[in-house]
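Two complexes come next, and they have one chain in common, chain A, joined by chain B in the first and chain C in the second.
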Partner chain A sequence: MNRRLSILLLIAPSMAVLLGVFLIPMLLMFLLSLQDEAEQFSLANYLLLVQDPYYLELLWRTIRVSLWTVLCTLLLGFPVAMFMANASGRVRGIVAVLILAPHLISVVIRNFGWVVILGEKGWINETLLWLGLIDKPLRLLYNELGVVIGLTDAFIAYMVLAIATSLYGIDTSLYKAAAILGASRIRTFFSVTLPLSLPGVVAGITLVFSLSMSAFVTPALMGGSSVKVIPVIAYEQIMSTLNWPLGAALAFLLLGSSILLVSLFARLVETKRYKEVFTA
Partner chain B sequence: MSSLNSMIDVELRNIQKRFQQNVVVKDFSLQVERGEFVSFLGPSGCGKTTTLNMIAGFLEPDEGDLFIKGKRMNGVPPYKRELGMVFQTYSLFPHMTVAENVAYGLKLRKVGRAEIEERVKRVLDLVKLPHVRDRYPKQLSGGQRQRIAIARALVIEPSLLLLDEPLSNLDAKLREELRDELKRLHQEIGVTTIFVTHDQEEALSLSDRIVVLNHGCVEQIGTPTEIYNQPASEFVHTFIGKTNKLSGRVTAVAAGRVTVETDGGLTVEAGEQRQPFVAGQRVHVFIRPEKIRLTDAGRTPNGGSGQLVMASFLGAFTECEVRVGDHLLSVKVQMVDSTLNLNPGQTVGCSWNSDDVLIMPAARDAG
Partner chain C sequence: MKKLNWLGIITGLILLAVNLPFVIIIPSSLTAAGYLSFPPQGFSWQWYEKILDRPEFIDSLWFSLQLAFVTAILATLIGTLAAFALSKYQFRGSRVVNALLLSPLTVPTLIIGIAVLMFFTRIGLAGTFTGLLLAHILISIPYVVRLVLTGLSMFDYTLEKAGYMLGARPFRVFWDVTLPLIRPAIVSGMIFSFLTSFDNVTVSLFLISPGTTTLPLAIFNYMQETLDPLVASISTVVILLSLVFIVLLEKVYGLERLFGLTSQSH
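On to the complex of A and B.
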């Protein structure tokens, strides 16, 4: 048996599964999205999505919430990743376990935890009221802030681990070299640490952004009726309104815009220098 | 004031450093003159790198004072010390081109664009690599990288250049080439330099003075010839170059000359020593292999005859082992001064000058 044939045979089972449960259903979904209520071929669903300001606002809200989540995970995650990079192997392991441990619990339960904490009677509002810093409870839930808090909690581990992995690869004598050449710690961070961690940052941003765009549970639980995002509306169209074609079209709108934005981002980042420095 | 003499660029006064309970640098004092090339030489763990890191500011001494150009530097962070440093691992910034790496320190000093351009060009010419300015470090060979690292350190015109084993990561031939390059650069620029190495050849060939360190203690400070020919301790003698070590007892001391009867049955006469000895004292006798001459068997003034056990021809010289009495002496023979046939088993004579014999008290052990 020749080599190529044996490789084909080896990947055949997984290819068959992918084809059966992923590609074919997706194709069927796509055909479904091209039907009107009378099951005739029509572009009406897509035309509705691009013409109705409601759906454009929906798309923009989904992207906006995802971008805020990316920003929060990046700003909160980078210091943690740096801490891990500077720590001993033992401490790194402990921190990694601490970061991943919450993922052992269903995201539904974690989000309910946040609902308890952030609610009007939650300890954050109670404490702030008691300290007299505010005179009525802050609205931390059922708005975009609540969704961003929930998503940040859900996805920050991906950001931290992606950045930490790329920080591990930086030769620490580079920091010494920068210092002896006259760079303060802040200067060293912006001229050495940050640029050299870019592959991790890019991976983290891409992961967290795609995950946030398609997140359903957290926006549904922590956004309430006021922060509906595409996955939530698509769900409603399919499960409640029973407008499957529109739900399918929404799903493809989400997929298309995620792919477009992620590849635009990659284009933007992967300059000539980036490729020279980071590709082997 | 650190010193009345303004020609002192670096001064260490009773520097001490502990890591937990271990004293890694003990009571280190040194003055380095302007333009001097000083090496810290010793085995790993001797405290040489720790001391260099204290001079650079990456570590703080627990006790003692450090002065650079007359200013006390204790507590001053590395980025305010105005030093140049070259690391064992090159440590070029991989995301910057050669020119950007070299310009980094100048940009931090807010040097103007045109002047940066000019100085980068000049220093790349100095290290003979003007053509690589737009390449990234990974596109350079090890030797080229280290030259660029040197250029990057020199371009800021540092008050002091620190070299942390800069040649250790290079292969033998390149190491020698870059060693000569360092020597040339130092002669050309005359920047005060502190060089850390565990390689005695590098230290001997480059330095104006060598500081030999062992277990955090300064064993000896001296010129390469002093270190080689008049070692202050057995450690210095054995660390720098190969040697023959014979145990014995002093039988006579007269007019500065010491006579030792070795346990293996040899009588060795030695010239004047750095320290006094008394008859009956247990001592070690040291003779370097290249100081021993092989002669035809027979009477030799200072030495003895024995059997040639092994001879390995190494091109420039031949390494021999000769059994004299109960001693196995290693002898380095330059072919120019020998017409002997070196056949194992034959009887040969070994002789040496009494001035080339070093005697150390036996009680003090190496290390």
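On to the complex of A and C.
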């Protein structure tokens, strides 16, 4: 068969889906975000988003929740990644399955489990009340704390995996060298493990941050009506208020701010790394 | 040694925490009480019987399974074809095609859902099964491409040539030589697509028709109104169902390898 024709036939179905279900819709959404209610070209939607303090607060809340999630997944995920890197193949496999399997079950169900655990009559509050440690139930849900708990659970596996991958690559003779030179475990961690894991840490931070910024289900179910983030408001604009141009602009605000912050972070890390190389 | 144990304790606690939601749902679904409580009071199957009184859950479960099944078949087919083109032929623009195939992963699925709704409303596909199916196929294709491409990267094309030299037809060569060697990649692509579709909320949210809804979305909507053990019983059904596929995926491909591959492409 003709080589050219084969290639064309093989990629035609996927290119058609990509064009009709992704590229054209994205372009159309962009054009729609540049329209006013009379379908005339206007920047009004974007101007509203950057001028109205309500939307600035919304953006800041979305970023804040994402940053907390990044911090929590990093602090909790690092030890797990270190454990995996130190463990034998079998143990490592078991840990990997136990941390990854939950990610293949719907996030709605995972969040429901957390609602049962964290709710006013949930496991944690009932136990603490019974122990007499608290007088009235703690508010662990329907606030930013609840959302951060939910998102940390949802995205920790990505952080663990990213860090573990870079830890697997560390030459173990470096640890021996450190031990021979008399370095303490803490010193070894800060001089060997941490610097060499940085590429994984950076990848994990980038991934978890972008995922948190655009998370919808967890803020909706565990944040309730008090923690509105951009994805939730975008959904409301599209499906309830039916202001599609503003909804489209919100989608691009989310996408744009996410990309901007991630690339700023990447630049920051790069320059810092070079600095270290030059001063060392 | 001491440090390893310390890390082990933290790791154990975190593994417990990420699995706790599921561990808790199952006993909660067997409560005899009319509300969610800990510890569950008594034992009864009543909340499972109540699922049967709620046709919306049965219908949406059935609908989700059908949707996920068709998505898995079509996304795997379409993605595998593209992966073949990329792996077998070095052609001008192949890098662009590769980047395009992975590009849906760079945009959050919620935003894809909004964009698709806007376009499909114009062309009359919004709220149809076809529209929903197409969107689910789109978000599954990048994973399939990634998996099959990796599988093919280790494939030796001289084996195909040998097949041709021995006089086999192209289809025969594909079926008897190529396919068996990359089957794990294709099968795991299929299972992963199935689960991607079966778990999806953020795309379905915008594309379902008022009458028919997917199961995760039905649970999502129900949860915003009421929190009762019914959610626990229906969730248990989903957990057990998903577990079958997860075990399969671990056996066929290995979860760590799979996630390493799929999260890399984001």
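Assume the second predicted complex is superposed on the first by the 253 of 280 C-alpha atoms of A that agree within 3 Å, B and C clash if a C-alpha of one lies under 4 Å from a C-alpha of the other, contacts with A are read in each partner's own complex, and residues count from 1 in each chain.
The rule is short, and it goes like this: a residue touches a chain if its C-beta (ideal position, glycine included) is under 8 Å from a C-beta of that chain, and two chains touch if they have at least 3 such contacts.
Quantities reported herein were computed from a predicted structural model and do not represent experimental measurements.
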Who does A:Asn86 touch here: chain B (first), chain C (second), both, or neither?
-> second
Touching A:Pro195 in the superposition: chain B (first), chain C (second), both, neither?
-> first
Figure out whether A:Gln51 sits in contact with chain B (first) or chain C (second), or with both, or with neither.
-> neither
Look at A:Ser226 in the shared chain and tell me whether it touches chain B only, chain C only, both, or neither; answer first, second, both or neither.
-> neither
Determine, under the contact definition given at the top, whether A:Ala183 touches first (chain B), second (chain C), both, or neither.
-> first
So, A:Thr241: does it touch chain B (first), chain C (second), both, or neither?
-> neither
Just chain B (first), just chain C (second), both, or neither: which does A:Leu174 touch?
-> first
Using the touch criterion from the header, give the chain among chain B and chain C with more contacted residues in chain A.
-> C
Chain A residues contacting chain B in one complex and chain C in the other none
Sort out for me which residues of chain C touch chain A in the complex.
-> 3-4, 7-8, 10-11, 14-15, 17-22, 24-25, 28, 36-38, 77-79, 81-82, 84-86, 89, 91, 97, 100-101, 103-104, 107-112, 114-120, 122, 134-135, 137-138, 141, 145, 170, 195, 198-199, 201-202, 205-206, 216, 219-220, 223-224, 227, 231-232, 235, 238-239, 242-243, 245-246, 249-250, 254-256, 259-260, 263, 266
Show which residues of chain A lie in contact with chain C when the two form their complex.
-> 1, 3, 6-7, 9-11, 13-15, 17-18, 20-22, 24-26, 28-29, 32, 76-77, 79-80, 82-84, 86, 92-93, 95-117, 119, 121-123, 126, 153, 156-158, 161-162, 165, 185, 207, 210-211, 213-214, 216-217, 220-221, 231, 234-235, 238-239, 244, 247-248, 251, 254-255, 258
Would you tell me which residues of chain A are touching chain B in their complex?
-> 171, 173-174, 176-184, 187, 191-192, 195-196, 273, 276-277
List of chain B residues in touch with chain A within their complex | 56-58, 77-85, 87-89, 91-95, 104-105, 108-109, 136, 152-153, 156, 162
